[in-house]
Amino acid sequence: MKAGIIGATGYAGAELVRLLSGHPAIDDMILSSVSFEGEHIESVYPNFLSRISAPLLSADAVIAAADVVFSALPHGIGEPFAKACFDKGVPYIDLSADFRFDDDEATFKAWYGKPYAHPELHALSVYGLPELNRKRVQALAGTGKAIIANPGCYPTGASLGAFPAIAKGLMKEVPSREGAAIVIDAASGTSGGGREPSRSFHYPECADSVGPYKVGAHRHTPEIARNCAAMAKQPVAIIFTPHLVPVNRGILSTIYIPLAAEWQAGSPDHSVIRPPAEAITNQTAKIRALYADFYRDEPFVRVLPDGVTAATNRVRQSNYCDISIHLDHSGSTLIVATAIDNMIKGASGQAIQNMNILFGLDERAGLEMIPAIF
Amino acid sequence: MKAGIIGATGYAGAELVRLLSGHPAIDDMILSSVSFEGEHIESVYPNFLSRISAPLLSADAVIAAADVVFSALPHGIGEPFAKACFDKGVPYIDLSADFRFDDDEATFKAWYGKPYAHPELHALSVYGLPELNRKRVQALAGTGKAIIANPGCYPTGASLGAFPAIAKGLMKEVPSREGAAIVIDAASGTSGGGREPSRSFHYPECADSVGPYKVGAHRHTPEIARNCAAMAKQPVAIIFTPHLVPVNRGILSTIYIPLAAEWQAGSPDHSVIRPPAEAITNQTAKIRALYADFYRDEPFVRVLPDGVTAATNRVRQSNYCDISIHLDHSGSTLIVATAIDNMIKGASGQAIQNMNILFGLDERAGLEMIPAIF
Amino acid sequence: MKAGIIGATGYAGAELVRLLSGHPAIDDMILSSVSFEGEHIESVYPNFLSRISAPLLSADAVIAAADVVFSALPHGIGEPFAKACFDKGVPYIDLSADFRFDDDEATFKAWYGKPYAHPELHALSVYGLPELNRKRVQALAGTGKAIIANPGCYPTGASLGAFPAIAKGLMKEVPSREGAAIVIDAASGTSGGGREPSRSFHYPECADSVGPYKVGAHRHTPEIARNCAAMAKQPVAIIFTPHLVPVNRGILSTIYIPLAAEWQAGSPDHSVIRPPAEAITNQTAKIRALYADFYRDEPFVRVLPDGVTAATNRVRQSNYCDISIHLDHSGSTLIVATAIDNMIKGASGQAIQNMNILFGLDERAGLEMIPAIF
Amino acid sequence: MKAGIIGATGYAGAELVRLLSGHPAIDDMILSSVSFEGEHIESVYPNFLSRISAPLLSADAVIAAADVVFSALPHGIGEPFAKACFDKGVPYIDLSADFRFDDDEATFKAWYGKPYAHPELHALSVYGLPELNRKRVQALAGTGKAIIANPGCYPTGASLGAFPAIAKGLMKEVPSREGAAIVIDAASGTSGGGREPSRSFHYPECADSVGPYKVGAHRHTPEIARNCAAMAKQPVAIIFTPHLVPVNRGILSTIYIPLAAEWQAGSPDHSVIRPPAEAITNQTAKIRALYADFYRDEPFVRVLPDGVTAATNRVRQSNYCDISIHLDHSGSTLIVATAIDNMIKGASGQAIQNMNILFGLDERAGLEMIPAIF
């Protein structure tokens, strides 16, 4: 099978190239790049020398030759390529946000500033978070008319952490009323900002420091809310704050989910603050078991055992989403920590997972990397 | 004035030595160390060479000679020294947790595992968060009977971020009922773990990674709750999660405060998620002004202007607490980000600030460092 | 084939476990650990969860069951295990320094402080730097009496950078007389220090800083000198200085080789310093071609093209040694930069490469990782 | 005294602003910036908020009002400002390379690509490395015609490490013949690259990695060679290789100086490699003492005692140059390690030191920062 990658020289594109080069079902790759058309991928990424050599062509050349097309372009410019693939009958897996909002053009336009050029494609596309929509992706198999929107990095870690609590009714009132929002406090490594240099990612300005950004205004907010609502089958209040941390890869999401009364374990007396009592430990174990059961058949979600806490270095260079389960000291709020490698489960690895599902391959194919702690 | 430092070779002790060596009211320093007694401070910290030279003596020698004693010992072993200072009439400023809980021995014992040896001292000691208790510290001046408990690093950043909202009634119901907890999601640099090597702070295991620790079970939880309750004059529900980030210095706290209805600005419709509207921006500005007014006379709190977000590299090597004010996208929750240098405002700088207040000096004396962004 | 790993919970051991778990010829692994005997590897390294599960046994149990034994113990304690393997006829690949000095017991004792317990084994063992001794490793195949000393991390990067210049007579007089030493200035990531916490590798003391250590006194000095002498067939003067850099993985070696007169390209006039002239550029290209030719059949050495400089992030997580070729501004000294991943080509990957050679497998088996730039 | 800073918003300019704001002789600062003219310095550097507030004016406005002018512009554009200051009789301290080569226009032009516009100024300017040219700077005092070229960052650390060996005749033959070059292998933190974002300093591409750059072709090469020649009073062969390390501040230089026969201590037998014998330790101590004596009156050079090795975290945020003295294992080569904070002793601190000398102030004024190890 020939894989085409449009936008192969950005970080997500290059990571796709690296991962797909070891994929058992991929014989060949055809790459495009606007910035480096005419050069070779290994001159842009010398780490590929002696292993991957491919000319950087036009997007048209990619679409003409490929059996499956991945688009790793910036937001807002991929629709014509999606259309071309659709018309030609080639599956199109889009790593940008362009197709993540289905037919909700208003939300897309509000956050990304552009209307849909081809609304009919958005009506047909599938949001490819396998743990939510595996069957919908599978349903596209063989149709020759597949557009898959690969999820955003933050929404992947946030949604996977919240899903079991939402699905199993742990959360206080869904849809939430006042005070029952899910708070998602997340931290991303710098590769999430892409390959283009800027002040925010200039080493002396972001190394050895931590801070939030785009508070209350990050584009991944509606995507997370939409995913939670899809799981709840009704609106869910979410609050999302991203932070930048001096790390190359990884997203850590700490998710606060107010528990319904029957799931709480502690005392409502806030005037006495004590270390977690046994009742809280037991309730945590119960919820952990519930999470583990929810994800028991998922190849890339690991619900961590008691005593192990999610951290980005435990999923580094892998397609795993690690989840650790905790309660706050008072037993009233579930605290879920999730860790992913933002370049893999948060981007290119998940795109390959979607390809595997779409083509009926082993979902793990090409994604068998074991995390390296450093 | 002669400053004595018990436990001078730990990180907080050594930082005290460094800062006090430039303090206009300190002529001399007398240092002690259990681990390095008999050596000189500059052999333990060669960065001090040619600038600071002092033998490492016993704690008794420090108490005998000093006009003010700082204790930078681990938790649980300082009470005898406090007693000795008290009996001698020398002010004792304690950087450990030993005196942070006043007469609430039950809470101290529950979290730190030890009963009080001298309850009478705890009844008299003052928790030295100047922005909360400046007058109580001042009241100790000249009594010759001063024990000041220097606040914990996390509680400093968390409390300063929450205080104005609590004091001004922005928060939904105080004391909170279900669902109205303040969530404090905080990240600390590694120096917070002290000088003793351990796996958690071993470079290959914590560099290039981020993760939470002691979720629902960190000792600073009751201290934060107590501070918030002191400001609210009634219990406040708080949830606190610390994270470790690959940073040398700094604590970033992101604080989620559910707003009372009259302080909310947005729409309660969680099915439509939009970028923040002008009403939210305006409300944010109003709350920012309120915060700025609350701290208008504080020398070390900076409420940041619109467009500037708290980050640890903006307070690096200084005694400032920076605060930035935000609302979530829906306008229902106040999001306050605070940044401090954990070694300075979070430990040794604040201890000096307390000394300055106690001795009627300019509160800024010895603490005039301007932050270096790198 | 069953692989046994003695000392599986140190960094090199765990990296072996991770890499071997994907090796096509390895069906099973038997692991030992003194520190964690009785536990499972995935509880020590939770990054392995759901992928690798194995009990930690005794070294004897490993030797009894394995078809090949890797020893990742600290220096000085492995000889009894080597003897046991030798007697049983099981190949023993030693990642420590114990067998690196062949029959030169005096040098080993001088630097490592211990005499040989079994000198007869050292007489038979082979130093497994494939680019130097591939044929000697191959000659052990099938003998059932194989002890292979896996090279040190620094010696690997240093030797591979110097070999072609030495072998092809580029260097001024071999053996050198005064002034013609090869200077090797190298920098290592922190994982080279192993898993045991210590002050030197405590995050706040080594992050955001760089400095040399053990100047003129590092144990890898005699190993490098011996390798260079083996290539030169006479003694070679080398000077070696290691540095610690705040990096997880990787060794960068910058190697200064004084050129013989006929290989120099510039002017001997040191009173006029100019940017490199065309003659120097041309000479650099000529030497680069010579290096490329020297390594043309090596699967894991990449001589980088003009314009690409060796850096540790270009070999990250791979078994490559990258080499870039430069001349100083005056054209009198060859400057070779080499980069390896210290955990892979500098330790566990090279050990697997040795196993592959010894067992007649594809030398690349299990080592096909493509470097990730971050 | 009013200090003017042209180019105040680059890193060196902003560091000048920060340091001068605490200088006892500076009452006021007048700042210029081409990029941010019309804004205020504290909006470009919010870390200055509440402490430093100044409008960003034109360079002409700075020159018109200042009693001393610092220029922190990029290379090649400052001569007109130097001329204006000279004509007005205001001392001009230039942090760029423009005046570092005195009347050697050919060398400047060869490396920086521009001829001199005002050769007469270069004939009068002084290269302000105090440890070399203090008296020449002092001689400008009161003339009203002072142009001081502040040294480059690498040349500062390299020159200070080599000077005593050169001056005291430790080095093998000066000027060197073949094989007796001084090798300077140096590593810089990322702030040395300035504030402008670029791929080389983009966090994901330089974090967690180390590599050399501009090998044999860095502009600081002729400056180092010129300084060494000035000390030797004849040409000296130097070889200089810069590296980039993932550090914010600091330059570490490891300097290899071939010793004259009478200064060597070991054996010339390169076939036997042993740990350093007592003779070598003694010779090291002797050379260390010689270095200490050479710098005994220097306020900002610290020759470290036995057992302490130069590292950038020991000079962090200070104006010190630390020097540690070592011999290679064979006793034939002196290895000197020097560490500076590239922003302070390597740029803005040294500029203030020059101002202090020129104006007859205490040379330490405004530069009394004690290094912080983190």
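In order of appearance the chains are A, B, C and D, and numbering begins at 1 in each one.
Quick note on the criterion: a residue touches a chain if its C-beta (ideal position, glycine included) is under 8 Å from a C-beta of that chain, and two chains touch if they have at least 3 such contacts.
Quick caveat, the model's predicted, so the values are computed rather than measured.
Participant: As a multiple of 5 degrees, what angle does the CA superposition of subunit A onto its copy subunit C give?
Facilitator: Subunit A sits rotated relative to subunit C by 180 degrees.
Participant: When A-D is set beside B-D, which has more C-beta pairs in contact?
Facilitator: Between A-D and B-D, the larger count of C-beta pairs in contact belongs to B-D.
Participant: Any idea how many Å lie between the Cα centroids of subunit B and subunit D?
Facilitator: Result: the chain centres lie 37 Å from each other.
Participant: Between subunit A and subunit D, what is the gap in Å from one C-alpha centre to the other?
Facilitator: Each chain's C-alpha centroid was found; their separation is 47 Å.
Participant: So which stretches of subunit C touch two or more other chains?
Facilitator: 191, 204, 207-208, 246, 248-249, 313-314, 316, 373-374 - these are the residues of subunit C that touch more than one other chain.
Participant: Under the definition above, what is the set of subunit B residues touching subunit D in their complex?
Facilitator: Touch list, subunit B to subunit D: 15, 18, 21-22, 45-52, 191, 207-208, 248-249, 302, 304-305, 308, 313-317, 320, 368, 370-374.
Participant: Spell out the residues on subunit C that touch subunit D in their complex, using ranges where they run on.
Facilitator: Contacts found on subunit C: 107, 110-111, 172, 175-176, 178-181, 183, 185, 187, 204-205, 207-213, 215-217, 221-222, 225-226, 229, 235-241, 243, 245-250, 252, 254, 256, 258, 261, 268-276, 280, 309-314, 316, 324, 326-330, 332-333, 335, 337, 339, 373-374.
Participant: Provide the residue numbers of subunit A that touch subunit D in the complex, in ascending order.
Facilitator: 11, 189-191, 195, 197-199, 201-204, 206-208, 246, 248
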